[in-house]
Amino acid sequence: MIERLLFGAVSTVLVFTALMAVTTRNLVHAVLWLGMTLATTAMLYILLQAPFLATLQLILYTGGVLSLMLFGVMLTRRSSEQDGVMVGNESNGRRRALPIVAIMLGLLVTAVGRTPLANAPVSPSPTTAEIGKRILSTHLLAFELLSVLLLAAMVGAIVLARRKDASLEGTNDPRERAAALPGSRPAGAPKEV
Amino acid sequence: MTDHILALTVAAPFVAALLMLLVPGRNHPVLRVIGVTGSVLSLVGAIYVALHYDQAKGGLQFAQNYPFVPSFGIDIRLAADGWSVALFLLTGIIMTAGSLASATLTNRPKEFYILLLVLVSGVFGVFVCQDLFVFFLFYEIAVLPMYLLIGIWGSKGKVAPAGPFKSLWKDLDVGGKEYAAMKLTLMLLVGSAAILVGMLAMYFAMGGKSFDMVAMAHFKFPREMQVWVFPMLWLGFGSLAGVFPFHTWSPDGHAAAPTAVSMLHAGVLMKLGAFGVMRVGMILLPEGAATWAPIVGAVAALNVIYGAVSAMAQKDLKYVIAYSSVSHMGVVMLGAATLDPDGWNGAIYQMFAHGIMTGLFFALVGLIYERAHSRWVPGMGGFAKVMPGVAAFFTLAGLSSLGMPGSAGFVAEFLVFAGAWKSGHLMWAIPAMIGAWVTAVYVLRATKMIFWGEGPSHEFHDLHDAKRVEWAALWILGTCIVAFGCAPRLVLDFIGKATSEYLPAIVDAAHLVAMGGGK
Amino acid sequence: MTPSTLALLSLFVPLGAAVLLGLLGPLRRTGRPAAFVSVAGALVALAGAVAILAGGDAALKPGAHLVWGWLSAGPATAVGIHVDGTSAWMLLVVTLVATCVQIYSLGYLHDEPPAALGRYFTYQSLFLFAMNTLVLAPNLLQAFLGWELVGLVSYLLIGFYFRKPSAAKAAVKAFWVTKFADLGFLIGLVTLYAKTGAFEWTAVTPVAGFVTLMLFFAVMGKSAQFPLHIWLPDAMEGPTPVSALLHAATMVAAGVFLIVRAEPLFAQAPMTREIMAYVGGFTALFAACIAVVQTDIKKVLAYSTCSQLGYMVTALGAGDTFAGYFHLSTHAFFKALLFLGAGSLIHAVHSNELKDMGGLFKKMPFSGAVFIIGAVALAGVPPFAGFFSKDLILEAVEHHHLYVPLAALAIAAFLTAFYMTRTVMMALFGAPSHAAEHAHEPGIDMKLPLGVLALLAIVAGFGGSWLAGLTGHEYAFHFTLVGGAGTAIGLLGIATGFWMFGPAQGGAPIKRGMAPVGVFIRYGLMDRLSTVAYGLMLAVGAIIAWIDRYVIDGVMNWSGWILLVGGRRLRGLQTGNVQDYVYAVALGIVVLGAWGILR
Amino acid sequence: MTLDAYVLIAGFMFCIGLYGVLTRRNAIGILVSVELMVNAANINLAAFAHFGRGIDGQVLVLFTTALTVAEVVVGLALVLLLFRRRKDILVDLANGLKG
C-alpha cells in the first residue's frame, strides 16, 4: 500500500516536472525542471530496488548534465537578453506536434495494455558488487568501447567548441589565417614606406 | 599464364588505367603510350585467343573460375565461345584504332584514357563472361563511363525547338553535351533496371543458388516466366542496341561524344546490347525468344528502314552516321530474330562488320570536324581535293555500310537477309533490303556533298589530309573492312561454330511454341 | 596451262594491278607509269583469254570448274571460276575491249594531272577484275559480287571528274538507280538460296519464275531497260573511253550475259521471258526514238546502246539465247568503236555537241572512216557485224510469234539506221563549225585501238557459226524473209537519213521540229521524273526525321522532364528544419506502430 | 507495483520528451527534451531488470547514462558552435539542409 502511494506520488511529480520542463518559457527554468525530473527518476529507481542506479542518476545527471546545461545556457545568451535572467525558450508547432504525440501515447498505452506485463515475477535485486563484476566480465568489451567513445566525445567537443582567434570568426581558410597573423601581409600587397 | 588469357585480356586495359593513376596528368606522351599499349595488349590477347581457339572442338574454351561472392553463387566465370572470339577481335581492333585516333586530345587526356580503358575492360568482360551477375556488372562498367566521357569531352550540337514538346527546350538544353550524356545514361539505366529484374527472376527461378549461365542454358525455365522475362531483357539490352523507340539517345549521344568515344560506343558498345539479347535473352530463354521473335523481327525491320530514312534527312554529319548505326543495329536484331543459322551468323557478323565500319566512319568524322570546325554537311563540298585520303576511306566505309561486296558489310547483310528469307519472314527482309538501298542513297549523298563538287570554300582554310597516327587508325580499320569482306571465313567460321552449338535448342523451343505444347 | 589457270591469271592479274596502284600512293600519283602497270595487267588478261580459246574447244566443252568455300566450307556458298565456251568468249570480249580502251585512254586523257590519271587506271584495273569476276562466276553468288563491283567502278568512273557537279550528280544517280534494281538480284538470290540451299545456275526449282523475274528487274537496271534506263544518258558525264567500255560494250551488257548464263533458270520461266520480250522491244523502240533527236553525240550513242540492249533482251525473251549473246558480242565491238571514234572527234573539237562538229571527215579521215564503219555495223548493213546478229534476233522473235516486239524492233531498226546516218552526216560532213577548223587526227595510241575494233566490227559477224559451236548452239547464216526485210528497213533508214541530212538537205520542217522534241524528252520528262522521285524520297526522309526528333524523342524528353519538374516540386519537402525531419520520423513510427498494433 | 505501471510512466515521459523535441525552438530546449526521452528509456530498462531480467538491465542503464553524457557534451559543443556562427541557437533558423 505504501509502495503504491509512493509510486503514485513519485509518478505524479515526475509527469508534472517533465511537462514543466518542456513547456516553460524560461530556458533556465526548463533546465531546472529537468533537474527535478531526473531527481524524481532517482526516486523511482529506489522503488525499483536499484540503489546503485539511483546514486548514479543523482551524481551523473542531476550533478553533471544539469550543470553542463546551465553553462550552455549562460554561454549562448543573446545580446538582447544580457540584462535579464529570462532566457527565451519559445515553442512552436504545437498544433501539429500534439496530435502525433497523443496518438503515439495512445499506441503505447494500447501496446502495454495488450501485453501481459502485470504478472512478471520480481527478481532479487543485485548488489553493486555484482553489477561491477558483471560490467568487468561479460560486458568488458562494451565497457572499454564506451570509454573510447567518451574520449572521442570529449575530443570532439573540444574541437567543435574551441574558440578560435576572435578576429578569424567564421573562417577556415589557412591562407586568410596566415595573412591575419601579426607581421605578415598578403602576398603581393605593396609595402608601406 | 596462357590458361588465364581471357582474364589477362580483360584486365589489360584496366591495369593500364590503374598505372595511369600514377602518372601526372601533364605528362601527355607517357599517358598516350600507356593508353595505346593497354589497347594493343588487349588486341594481342584477342588475336591470341583467336589463334588458339580450337575450332574443331568448339564450345567454351579457356574456361577459368574466379570466386567472387560464393555465398550467392557468383563467380567470375570466364570462357570464350566462337562469338566471343569474333567480338574480342572487334573490340581489340576498335580500341586500338580509337586510342590512336584520340592521340591528339589535349584536354585532360589522363582522365579520358582512364575512363576509356575502364570502359573497354567492361566490354571485353561482357563478351567472355559466363556468369550472369558478373555479365551485368561488366555491362554496367562498360556503360557508365560514357556519362563522363560525353559530359566532359563532348561537343555541343544544336536541335532547334519545334514540335509538340517545344516548351520543354528551355528546361532541357536539348542538344548540349550534358543533355546528351544525361539522356544516354538515363535511358540505358532504365534498360539496366529491366535487365536486373529479368536477371533476378531467372536466378530465383533456378533456386537462387547460382548465376552460372551454362547451368541456366540447361535449365528449363517455366514457359510463363520466359514469356514475361524475355521482353524485359529484349528492351533492357535493346535500349543499348538502339531498338526502336529507345534509340533516341543514340543520335544525340554519338553527335555529342568525342571521336574515340563515338568509335567505341557505336563500334562496340551498341553491340553489347544486341549481344545481350542473343546471349542472355535468346539462349537462356529459348521459348520466350521463340514467342517474341516475330515482334523482335518486326521492330528490327522497322529500325532498319526508319534509321536509314531518318539518316537521309540529317544535315549534321554525326547525326547521319548515328542514325545509320540505328539502322544497322536493326540488321543485327533482325538477324537475331530469324532464329536461323544464317541469320544468327549474319547478326554476329554484322556486329563485327558494323563495328569496324562505324569505327572508321566516326574516326573520319572526327578528322573532318577537327579540320573543318563544322559538321554541317550542306556547307561543305570539294573536300576531296585537299583530303583525298580521308575521302577514299570515307567512301570505303560508306561502301561497307551499304553492303558492297568485297566489304565486310555485304557478308553480314547478305547472311541476315538470307536468314530472314529462310525463316519465312519476307515482310521483314524486304523492308530491311530497302533500308540497305536507302543507306546507299544517304551515304553517297553525304559523300558527294562533302567531298565532291567545287570547293572547298574560304571558310575551310586549314583543311589537310590525315596525319601519321591518324593514318594508322584509318589503315587498320580500312584493311579490316576489305580483308573481312573478301575472306569472311576468318571470323565467320568461329561464329558459325558457336551458332551451331546454341541454335538447335532454340529451334526446338520454337517448334514447341509453334505447336503450342510442351509446357 | 589449263583453262582454269589461264582464267585465274586473267582474273587476278588486273586485281594485282589495281591493288598495287591502290596501295602504293606514290606509284599511282606518277600517272603514266601507273597507267602502264594497268595496261600491262589488261594485256596479260587478254593473253590469258586468247590462250584459253586457242586451246581449242575440246577443253571447254565440259567446262573447267574450280571453287573455294567462301561463306562456309562447303560448295554451296563458294566462289571460284567456271570456264566454258560462254565465259571464255565473254572473257575475250571484255579483256579485248578493255585493253583497247585502256590504250586509247593513254592518249585521250593525256592532259590529265598525273594523280588523276593514276586514279583512272586504278579504277580501270579494278573494273577489269570486277567484270571478269562476273564473267567467270561459277554461280549466282559470285555473279552478284561481280555485278555489284562493276556497279561500284561505274560509279567511281562516272564521277571521275568529281569536281564537276553534273558528273558528281550523274555518278550518284547511276549508282542509286542500278543499286535499286539490284534489290531484285538480291531478292532473287536469297530466294534461290532459301529454296535450294545453293546458288547454282542450273538449279531446278519451282520458284524459278519468281527468281528470274527478280533477276530481270536487276537486269533492267544494269542493262538500262525502260524505265530504269534513266541513269545511262547521265552516265555520259564520265570520260568517253569509260562510256565505251562500261556504258556500251561490257558493263551494261552484263545483264544480258547474266540471262545467258542463267539460261537453265530462265528456261523454267516462260512468263518472265515474255515480259522480257515486251520490255526489251519497247526499250529498243523508245530509246531509238529519243536517240533521233539528241544533239549530243555521246547521248545519241547512249540511247542507241539502250536500244540495242533492248534488242538483246527481246532475243533472250524469245528464248533464243544465242541470238542475244551473238548480238552482245558484235555490239560490244562496234559500239566500243563508235564511242572511241566519237571520243576521237570530241577530243579534236573539245565539245560533245553535234553542232560544234561538221566536216570533220576531211580533217580526220581515219577517225571518220572507223566511225562510219561502226555506224554501218550498227545500222545492220551487210556484211558488217551488226547485220548478222540483228537478223538473227529478228528471226528468233518472229519464230516465237512475238509480233508486237517484232514490229517494235523493226521500227527501231529503221530509226537506228536513220539516227546513225544523221549523226554521221552532222558530225563528219557538211559545213565545218568554228571549233572543227583546228581539228586533227589523234596519236597512234588512239588510232591503234580504233583500228583493231574497226576490223572486228567488219569481220565479227562471220564468226557466228564458230561462236555457236563454242557455246553449244547451232547456227549457220541463211537468208530469211524477216532478216531480209530487216536489212531493207535499215537501208531505207539510211536513205531517209541521207535525204534529210545529206548534201541535199531535204525535210527541213521535220528537222526543225526535232530539236524542241529532244529538249522536251530529255529535260522535260525523264529528268523531271527522276527529280520528283528523288525529291519525294527526301521529303519522306525529312518528315520521318522530324517525327523522330520531335515526337518520339520528344516523348523521351518529356518523360525526363516530368521527373525533373517532379523533383523540383518535391524539393520543397526538404525544409532544412531538423524538427521537421524528426516530425517525419515520428510520423513514420506512428504509422508503423499503428500497423503493428492494429493489424 | 507491477511492471506495466513503470512501463506506462516511462511511455508518458517519452511522449512528453518527444513533444518537447518537436516544439522547442531553442537548441538547448531540445537537448532537455532529448534527456527526458532517454530517461524514459532508462526507466524501462531498470523496470525490466527488476521484474525478471536480472543484472544486465541495470548494466545497460549504466551504459546509456554514459552515452547520454557523451551526447550532451557533443550536443552542447554543437550548440556553442551554432551560436558562434549564427549568434543564435534557434534551430528553425539553422536550415542549411534546405533543398
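First chain written, first letter: the chains are A, B, C and D, and each begins at residue 1.
The rule is short, and it goes like this: a residue touches a chain if its C-beta (ideal position, glycine included) is under 8 Å from a C-beta of that chain, and two chains touch if they have at least 3 such contacts.
Treat the numbers as computed from the prediction; the structure is a model and nothing was measured.
Novice: Which chain's mean C-alpha position is nearest the mean C-alpha position of the whole protein set?
Specialist: Of the chains present, the most centrally placed is B.
Novice: When I count C-beta pairs in contact, which pair ends up with more: B-C or C-D?
Specialist: Between the chain pairs B-C and C-D, B-C carries more contacts.
Novice: Roughly how far is chain A from chain B, going centre to centre by Cα mean, in whole Å?
Specialist: Centre-to-centre distance between chain A and chain B: 62 Å.
Novice: Averaging only over C-alpha atoms, locate the centres of chain B and chain C and give their separation in whole Å.
Specialist: Roughly 36 Å, centre to centre.
Novice: Need the CA-centroid distance for the pair chain B / chain D, whole Å please.
Specialist: Going by mean C-alpha positions, chain B sits 59 Å from chain D.
Novice: So how far apart, in whole Å, are chain C and chain D when each is placed at the average of its C-alpha atoms?
Specialist: 94
Novice: Using the touch rule from the top of the page, what residues of chain B touch 2 or more other chains?
Specialist: Counting only residues that touch two or more other chains, chain B contributes none.
Novice: Give me the residues of chain A that touch two or more other chains.
Specialist: Within chain A, the residues that touch at least two other chains are 93, 96-97, 100-101, 104.
Novice: Identify all positions of chain C at which a residue touches two or more other chains, and write them in rising order.
Specialist: 579, 583, 586
Novice: By the document's touch rule, what are all the touching chain pairs in this structure?
Specialist: Every touching chain pair, ordered by label, is A-C, A-D, B-C, C-D.
Novice: Which of the residues in chain C end up touching chain B in this complex?
Specialist: 69-73, 144-145, 148-149, 152, 155, 159, 162-163, 165, 168-169, 171-172, 175-176, 179-180, 183, 186-187, 190-191, 193-194, 537-538, 540-546, 548-558, 560-561, 564-565
Novice: Across the complex, what residues on chain C touch chain A?
Specialist: That would be residues 579, 583, 586-587, 589-590, 593-594, 597 of chain C.
Novice: Which bits of chain D are touching chain C when the two form their complex?
Specialist: 18, 21-23, 30, 91-92, 94-99
Novice: Okay, in this complex, where on chain B does chain C touch?
Specialist: Chain B reaches chain C through residues 159, 162-166, 168, 171-172, 174, 182-183, 186-187, 245, 248-249, 252, 306, 309-314, 323, 382, 384-385, 399, 402, 404-406, 410-411, 414-415, 417-418, 421-422, 429-430, 433-434, 437-438, 440-442, 444-445, 448, 451-454, 488-489, 492-493, 496.
Novice: Contact residues on chain C for chain D in the complex?
Specialist: My answer: residues 571-579, 582-583, 586.
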